[in-house]
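Would you mind keeping the following structure in view while I ask a few things?
As written, the chains take the letters A, B and C, and residue 1 is the first residue of each chain.
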Amino acid sequence: MTPILTVEGITAGYGRVTVLNDMSLEAGRHGNVGFFGPNGHGKTTLLRVVSGLLRPKAGRIVFDGEDITGKSARAIVGAGLIHVPQGNRIFPDLTIADCMSLGAYSARARPHEAENREKVVALFPKIAERWRQRVRTLSGGERQMVSIGTALMSHPRLLILDEPTLGLAPRIKDELCASVLDISKGGVPLIVVEQDIEFLLELCRQLYLINHGTVATEIKPGESIAHAEIMSMYFGQHQDH
Amino acid sequence: MMDPIKRNVRAPGRTPWQREAAGFMLGFAVLALLPFVFADSYSRHILIMAFIYAIVASNWDLSLGYGGVFNFGHLALFGIGVYAYALLTKLAGLDPWLALVASGVVATLAAVIVTIPILRLKGIYIILVTFGFAQLVMQVIISQSELTGGTQGIVRIPGLYLFDHNMVRDAKIGYFGIALGLLAASTIFLRMLVRSRTGASIVALRDNEEYAISRGVSLVRQRLITLAASAFFTGIAGAFYAAYQRNASIDVFGMSLATIVLSMVLLGGTGTIYGAIIASFVLTFFGEAMADFGAWRPMITAVLIIVVMLVYPSGLVGMIQAAWAGLTGRLKRPA
Amino acid sequence: MGALAEILFGGLFQGSLYAMMAVGLALVWTTIGVFNFSHGVFMMLGAYFAWQLVEVGLHPAAAFPLAVLATAGVGWLLQAAVVRPLIGRANLVLVVVITTLAAGSLIENGVLEIWGPRSKQLPPLVDGNTMIGSIGVSLHQIAIIVVTPLILGALWMFLTRTRLGLALRAVAQNEDASQLVGLNVTALYGLAFAIAAGLACLAGIFMGGYRFMSPVMGADPLLKALIVVVFGGISSISGPIFAAYLIGFFEAACSYYFGLYWTPALLFAVLILTLMVRPEGIFSSRGRGLA
């Protein structure tokens, strides 16, 4: 199986600050991929580069055989690579229904709008009840569901989730994790950034520890790894300082 | 006991005051010599206008660049200075020099009044309210035509005097000297303010309001200080302008003057004081150089402003820095 | 009775013009987060376009829509030239104020060069006069009062009922998220400017039909539009519309009771007082968003 996403020697940052330093990885050869690592070390920046929000200074990104480096976010969405950003602010003054039609804005997603809407409703019956409500009136978990639902409306061929469970209450979090697992079972490959290692281990067979703007460790499928070892990776990195 | 390390530390990119004072003296010495090069009254008139613009623009830089307060009524403070001087000398019969200082005080009071409604406001709302304030002042002046002459303005305003020096037949050397003196006083005042602790707290408030407030900086007090300080010499410049021109008109409240002075501030690069002064000189002389272009002049100026804003985000100062870096880079390379 | 009719009519008429101008300013502010100080120049330019097209022999019914399209095109170009390249600058709001002012001055002087300083007048929308009760009014003014709500209603439908309008509202709220659902943010910025310029052109056509046109005719309406949006709150477009009519009535009442001289001063005094009590305008909610 060829990787759906290949990142080759990406260097990127903001202004004079370099966040990603010659980072290379590939995803999708063995199903879902998880990224973890301390905050502020480049996970979100990597996702912004992949989805076209941030132009890399060097390197190449290949999505399903097509070079997408430097393409606009719109073109990348058009190719089917959908990124759900961190935080759940999306469109505070639009209704859920509005968000869903926006999700189906690209020409690729338009023909599948009805079918995808049914999928979203089945997956998140909670937000279906509040279809005409503004996003700002929803709870954090519901807003995250709207974010993911909007992304599903874009008919993803690869779905990237940036810390989907951040800041959620444990019960809501479990619910959302179950939904994410459902999406994966439905056949959409995922790239997930998470701090919850248990959830990542359940969801993914391949993990990358991202530290100092580069891949510190790759955990390949079949390599058994215990929670404790991952924790020691965190601490090991921290002791360097 | 003093920390041995701390003693030698200074803020990065900050010129020691001795060096700044030396540069300041040199710069103003050069300016003071200019009338010997330009002996005709027309050239000196251009220089006087450049100094007035420089005072207004550099004071605007205090509120806009350092304070981050988008006071679009700054030219109204200048206009208030113009009318305060005109009314105080002509109607109240006050001594011109006293009226000059009083006009600065009146402009400062006006700045305090306009600060009150914008204390709770941010960004664009400050632009709109201060812009409205400027229009309000203009409307009041127009509607009180028995006092202010309305749209006709005021003519035959008493001029300034210097002992028994003849201010009229001196090829404008008297007014040149006063204008230069005012610019020097205003610049020293502004630079001392921005280099002081108060100046630091004004910048802190601009860059991170919540944090500065949480560290005990008072938004109300600091905004009042910023706007009042930026008004004093602006009002005096207005009074001087009225004394020099011998008339007052509501044109000083117009958008075109505000646009020109604002472009001086922004072209100069905000938050430097000197940048605004240099840009005032450049734009005034540039405007004069283009006098032959007639109707094309404002268009060329507009294009120039846009191009500089697009290419050099930090204004002329950034342009000079970039040119300097390019030059030194080129000098180093052949070695 | 006569007083009421006069205030009512004057308020509706002025309010219509103000609303037409203010909505464009608010549209650009909500989508891009900048204030377009060349908005008054759009109004003037649109009136001159319309005048030129009528002058070459076009029927107003063809000339006016063409002028609106042409002005919308200029709006788009201006956005691409002096706004889009600056997006992302730290002091965006301020820099755009100066670049749009400069661009406005460029256009204003260009119009003066091309069309000269002599006053011009446009044909009215509808010819003739009529009486409402005891006051004489022109049919042109009545047409403006009727047409403006229709156009604003159409804009409202566009923003709330179409997918493109939805996209504009989305960009106003979250630019990153808009890009991530595949919206063409730069095109939407251009569209917001184009619509605003087109509306300003309409206001110019309205004004040119009952007053003499000049290259500086946009300055005062820009100022009024600014007041309207401050008053109504710039975080929506419905706020400025209500505020436009409210200010129209206020002005009509003021000039009836206190005279024309004191009206602007009273208006500004009320404006400043309003902002001291409600800094974000009387009709505004928190946050930025269209509709």
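Of note:
Keep in mind that, in the parts below, contacts are C-beta pairs under 8 Å (C-beta built on N, C-alpha and C of every residue); 3 or more make two chains touch, one makes a residue touch a chain.
Owing to the predicted nature of the structure, the values given are computational and were not obtained by experimental measurement.
Of all chains, A has its CA centroid at the greatest distance from the CA centroid of chain C.
For the pairs B-C and A-C, the count of C-beta pairs in contact is higher at B-C.
Centres computed as Cα averages put chain A at a distance of 51 Å from chain B.
Centres computed as Cα averages put chain B at a distance of 32 Å from chain C. With centres set at the average Cα position, the gap from chain A to chain C is 42 Å. The set of chain B residues touching two or more other chains is empty. Residue ranges on chain A touching chain C, taken from their complex, read 51-53, 72-74, 77-78, 82-85, 89-94, 98, 101-103, 105-106, 109, 136, 150-151, 154. Against chain B, the residues of chain C that register as touching in their complex are 29, 35, 81-82, 85-86, 89, 91, 93-95, 97-99, 101-103, 105-106, 109-110, 112-113, 219, 223, 226-227, 229-230, 234, 261-262, 264-265, 268-269, 271-273, 275-276, 279-280. In the complex of the two chains, the chain B residues touching chain C come out as 64, 70, 116-117, 120-121, 123-125, 127-129, 131-133, 135-136, 139-140, 142-143, 255-256, 259, 262-263, 266, 270, 295-296, 298-299, 301-303, 305-306, 309-310, 313. Touching chain A in their complex are the following residues of chain C: 163, 166-167, 169-170, 173-174, 176-184, 287, 289, 291.
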